[in-house]
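See the structures that follow.
You will see two complexes here that share chain A, one where it goes with chain B and one where it goes with chain C.
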Partner chain A sequence: MDIYLFEAIINGILLGGVLALLALGLNLIFGVIDVVWICYAELVMCGMYMIFWLHSFFGWPILLASFAAILGVAGLGVLLHLLVISPILGSAPINQLLATGGMLFFLQSLATLLFGTDFRNIGVRLPLIELGDIFISYSRLLAFGTALIGAVALYLFLSRTYLGIAMRAIAQDREIMGLMGVDQRRVYLITSAVGGALAGLAACLLVLQYDVHPFIGLSFGPITFMICVLGGLGNMIGGFIAAFVMSQIIAVGGYYFSIEISYVLAFVFFIVLMFIRPQGLLAR
Partner chain B sequence: MKNELARRLGALVVATLLLALVPLATSDYALHIAIQILLWGFVYTAWSLMGKFGLVSLGHGAFLGIGAYASPLLWNYAGLTPWLGIPIGILAAMLLALIIGYPCFRLRVVGHYFALVTLALSQVALLTIVAARDITGGSLGMTPKAVGHSWYALQFPEKPYFYAIALAVWVFGILIWHFVDIGKGRAALDAIAEDEGAAAAIGVDVMREKLRVTLASAALTAFGGALLSQYFMYVNPDTLSGIGVSLQIVFAAIAGGMYSALGPTAGGLFTIALPEILRVTMGTNFVGAANTIYGALLVIFIIFMPRGVIGLIESRLAAAPARKISKEPAA
Partner chain C sequence: MAILSRLIRSFGLFGFALLGFALALPVIDDGALAQDKPIRIGLLYDLSGPFAAAGSVASQIGAQIAIDLTNERGGVLGKYKVESVNADSQSKPDVAINEGERLINQEHVDVIVGVYSSAAAVPLASKVEEQKKILWITTAVATSVFKDRSLKYVFRAQIHSDQYGQAGIGFLTEHAKSDLGVEPKDLKIAIIYEDGPYGTGVAAADEQYAKQAGIQIVLKEAYSANAPDLSSLVTKLKRARPDVILHAGYNPDITLFLRQAREAGLRFKMLIGNGAGYSQLDKLTATFGTDIDNFCDIDPVPAQHLDAAKLAPGLGDLIKIMVERYKAKTGANDVPPHVSMGFNQTWILLQNVLPIAIEKYGGTDAEAIRKAALDVDIPVGGTIQGYGVKFFPPGTQLSGQNERSTPVVMQYVKGQIKVVWPTAIQNVPPVLPLPAQSPYAVN
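Take a look at the complex of A and B:
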């Protein structure tokens, strides 16, 4: 096999890890609260700025800055839920989607206002790993590994803890769980915090690979939604698999054509699949 | 029904005559703003044709982009006049709407899923334009070959000409809006928005009604895009296509009020005038301030005023005379 194609496939798998992490967070929110956070990737952008400022400006060690960013974005998730989502929980689902879309605009332009449109880099350069003839970026490998650990941790949280089980139960039947004595408001808040924390974790991983700028959310936000829908909105395992399918299309498409064409292919694949399997890849 | 139509037409004629006088009294700068408001108002109105029936499309950036790029591309590379280029762009947009709309409606892709499928569509359009950078100029955009004042090329450096065109097109858009609002299809579409299965059960041809309004909306949006590119003499994928524009269209229509004829235009007033006012009063140090305020207001609108500004005004106005009428004996 062509060595560059092989490298593209490896990179696709590594990219899939981060996309899977993003999709997990979004799916968690959707599954439990039944809301699509259109501004999810913008929360990631906020996290990346937090790390940038804490590390590059205030000189915090990168790990501490990352930890602070995870907490910070979790806080943003809670704020988003309290200020935007909870007032319109009862209204048409499309209104909730649009309200978070308004937040997308707000966060993007607020970042432009505060930080300008400069591309900022935290200046941490991790080495490349050489395996035979192929080069693998260490930061991507780290991102992939962390994303997998995050996914497993989330799985354990959802299947082993009381809160996690309550979350899944609410996702299955909103009304009955209220009668069973589960405090829905509290579960929603915690879900928002966990969803935010996952965005923060993704921010930590992405900031090592990409420059931060106010519009970075647009470069991986849409693909994340497509992945979630492809896997079946709210279906975490589906989303996880879809992330790797999409990232392969992007990586291999980028190898044969160009990066834009590869995204076009991914989106067209998404549209066509929506028509063949409207309930997602894993629907029965 | 007849009286209602006459009343609406009368109001529109009066408004048009008043707006037609604007170029006599104002500067080129004010006309520039007014033209943008009218053209974007037209696009937002086109979107609301679908939006008010629960068909929330985030794919209008694609239709707008096709309309905006078709005529400059045909003009620059084939020497084809926009008089043919614009209809070709409109037909292309309608074809795309059919390709996406038909399976969506057949398979009952609705709500979130419809929004996200159409979102993918607008992203496909944006990326295709960027990827075809050899002919479209990619992210840098492109300029139609300028020939000065020409009816053949539909290029008018003088603002009043374009103001007249924009006004005529805007009136056309409002007429279509009323046509759909009064027409027979409206009840059918309302029923579909309420409960698609029930509508189908009482004999509404769901597919036909949805496709009709979708094709009309896509065609008008592409038309608006074409005129925007003819007016600015410049097209750029980020301002005329893609997810950002799609969201802008949706929000302007909602903020203005998508259930009212003038709502989307009010949204245009808001989205065009607000950044201008902020830019003039605060200077360019605050790049992003306009959009920050805009984004925050949108969220507030959606939470507190889902019917938009004009919708709110209308319901206030409607509440007052309604009490008067109820006292009179039924005739």
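Take a look at the complex of A and C:
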């Protein structure tokens, strides 16, 4: 087998890990609260800034800074729910979409105002992994591993814990759960915190590979949303699989044709699939 | 000046008014331009979005310094103050067009100075041309902004993208045998570029000049500057094994590419950047430290790296002021070429064009400025960036473009920028190929 093609496939799998991690939180929120956080990638951006400032400016160790960022973005998730989502929970989906879309621009502009447009990075340089002629990105491998662990942990949480089961129950029927005495508000808040924490986790891994700037969300937001839709919005396993399908199209398509064409292929695949299975790959 | 500023500080607006009144008195009958009506100039740059930090803000600061300095010296011709109106095109061509319209129709400016991105410059040029106002481009380089478009109201003293190819290939042809040990015809290059007009323009020129020189192109590929992943491009480069990579990129894409290239073990003998993100040495150094040592970059020269003795008298002092003020404003260590671009083009407009427009053509309306611009004839060495200014007249293929502009090839030497080509004005001879200590060097 062509060694370079093999490298492209591995790169695709690793990119899939990054995208899967991003899709996880967005899917959880949609699955339970039935609202799309269009500004999800911007929450990731906030997390990246937190790590940058805590680590590079205040000199916190990177692990501590990462942990703080996960908590911080979880807090942002809760705030987002309390201030923006909960007042409009009953409104039409388009209004909710517009509101979180507004948050996207708000967060971008706020970051520009606070931090300027400079590209910043934490200057951590990870070692290289060399297997024969193939090089593997350490940061990507880390992201891939974390995505797997995150997905499994989330699965266990949703299937084995009382709270997780309550979340899934609400996702299935939000009206009846209220009638049965479940405090939806509390479940929503916890879901928002978990969704935020997942965005924070993604931030910890992205900050190792990318510079932080107010518009980093532009690189990830659209494709993350697309992956969630492709997998069936709210379907976590679907999103996970979709992330790897998309990343393989991008990586292998990029290898055989060009990066530009690979994105065209990915979008064509997306559109065709939306015609065939509008409910997504693995719809509920 | 100190007395003036103290006066202003102590009397506030009243002091301003008093001052304006005092200055206005002796020239109140000065024809079309009264002293109380300053020359309004729109400054249109990407102050937010991904281009802001890739040189757009630096250009804007350069342009503003030129305006401030002109005003401190009394204004254009020592008496006509210049008032700038800022606009932010947000790194989006549609916003650039809307803001351009706003500057013309609501702010009533006669001249728009600025434009960082070629993607914005191309449509904006047509818009401004339609309205018969002046677009004075300081930074965007794509040749396609002017080529075969017969523009009459758009001017650019800055270099154009074809010249990047000319410089890069010229540099390689000159050094292939002596430094890389191969004839130009055996030299293998790869051309990678962002897919907007800037990258596409530079890449087309690279390809054209490489073919003329008989250099082999083993890969030519575009990508979006926002792409979240460039690893398949890196893999293809590993397969194609170019000696030299020519890269035209902005900023997030350059850091992503270099990071993924290092992680994937991509090796080459030299990398030549083409301005934009590669000219932001402070930012690249913050990310890559000494890893990028000895990389090359083509751009109009940052004025402070030229030998002031070879320039027209007075320009050396001007460069010093520009550098001091930029550093004071931003706290930066390296002053990117974009500052010189913004300052230089604006300075040419204020000092060389507007005086002719006022004295010879009777005002600062678009028609007068257009005629004055075509009269400008500055010899080589007459601007802070070394090149002269003479605009291609209407009826020529590049009408409105400066025919005397030139870029240089620079090399990063231990966190400093050194000019290495053209050989006649080099600061140091180039280091080629990358020395063994570089993580990107071919072993």
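Note that the second predicted complex is superposed on the first by the 282 of 284 C-alpha atoms of A that agree within 3 Å, B and C clash if a C-alpha of one lies under 4 Å from a C-alpha of the other, contacts with A are read in each partner's own complex, and residues count from 1 in each chain.
Everything below uses one rule, namely that contacts are C-beta pairs under 8 Å (C-beta built on N, C-alpha and C of every residue); 3 or more make two chains touch, one makes a residue touch a chain.
Computed from a predicted structure; not experimentally measured.
For the composite obtained by overlaying on chain A, chain B and chain C cannot both be accommodated without a clash.
When both complexes are overlaid on chain A, the residue A:Leu98 reaches chain B alone and has no touch with chain C.
Contacts of A:Gly178 after superposition: neither chain B nor chain C is touched.
After overlaying the two complexes on the shared chain, residue contacts for A:Phe270 are found with chain B alone; chain C is out of touch. In the overlay built on the shared chain, the residue A:Glu260 is in contact with chain B and with chain C.
By the touch criterion stated above, A:Gly145 is placed in contact with neither chain B nor chain C. By the touch criterion defined above, A:Ser219 reaches chain C but does not reach chain B.
In the superposition on chain A, contact of A:Gln209 is made with chain C only, not with chain B. Of the two partner chains placed around the shared chain by superposition, neither chain B nor chain C is touched by A:Pro61. Of the two partner chains, chain C is the only one that A:Tyr4 touches; chain B does not reach it. Working note: chain C versus chain B after chain A overlay, options 27-35, 99-107 or 333-341, clashing stretch identified as 99-107. On chain A, the surface touched by chain B in one complex and the surface touched by chain C in the other have residues 109, 112, 116-117, 214, 218, 258, 260, 263 in common. Against chain B, in their complex, chain A makes its touches with residues 36, 84, 87-88, 91, 93-95, 97-99, 101-113, 116-117, 214, 218, 222, 225-226, 229, 233, 258, 260-261, 263-264, 267-268, 270-271, 274-275, 278.
The part of chain C that touches chain A in the complex is made up of residues 47-50, 52-53, 57, 91, 195, 221-224, 226-233, 235-236, 238-239, 251-252, 255-256, 259-260, 262-265, 283, 286-287, 289. Interface of chain A with chain C (complex): residues 4, 7-8, 11-12, 15, 18, 109, 112, 116-121, 123, 128, 130, 135-140, 209-211, 213-216, 218-220, 223, 247, 250-255, 258-260, 262-263.
Listed in rising order, the residues of chain B touching chain A in the complex are 54, 56, 100, 103-104, 107-109, 111-113, 115-117, 119-121, 123-124, 127-128, 130-131, 243-244, 247, 250-251, 254, 286-292, 294-296, 298-299, 301-303, 306.
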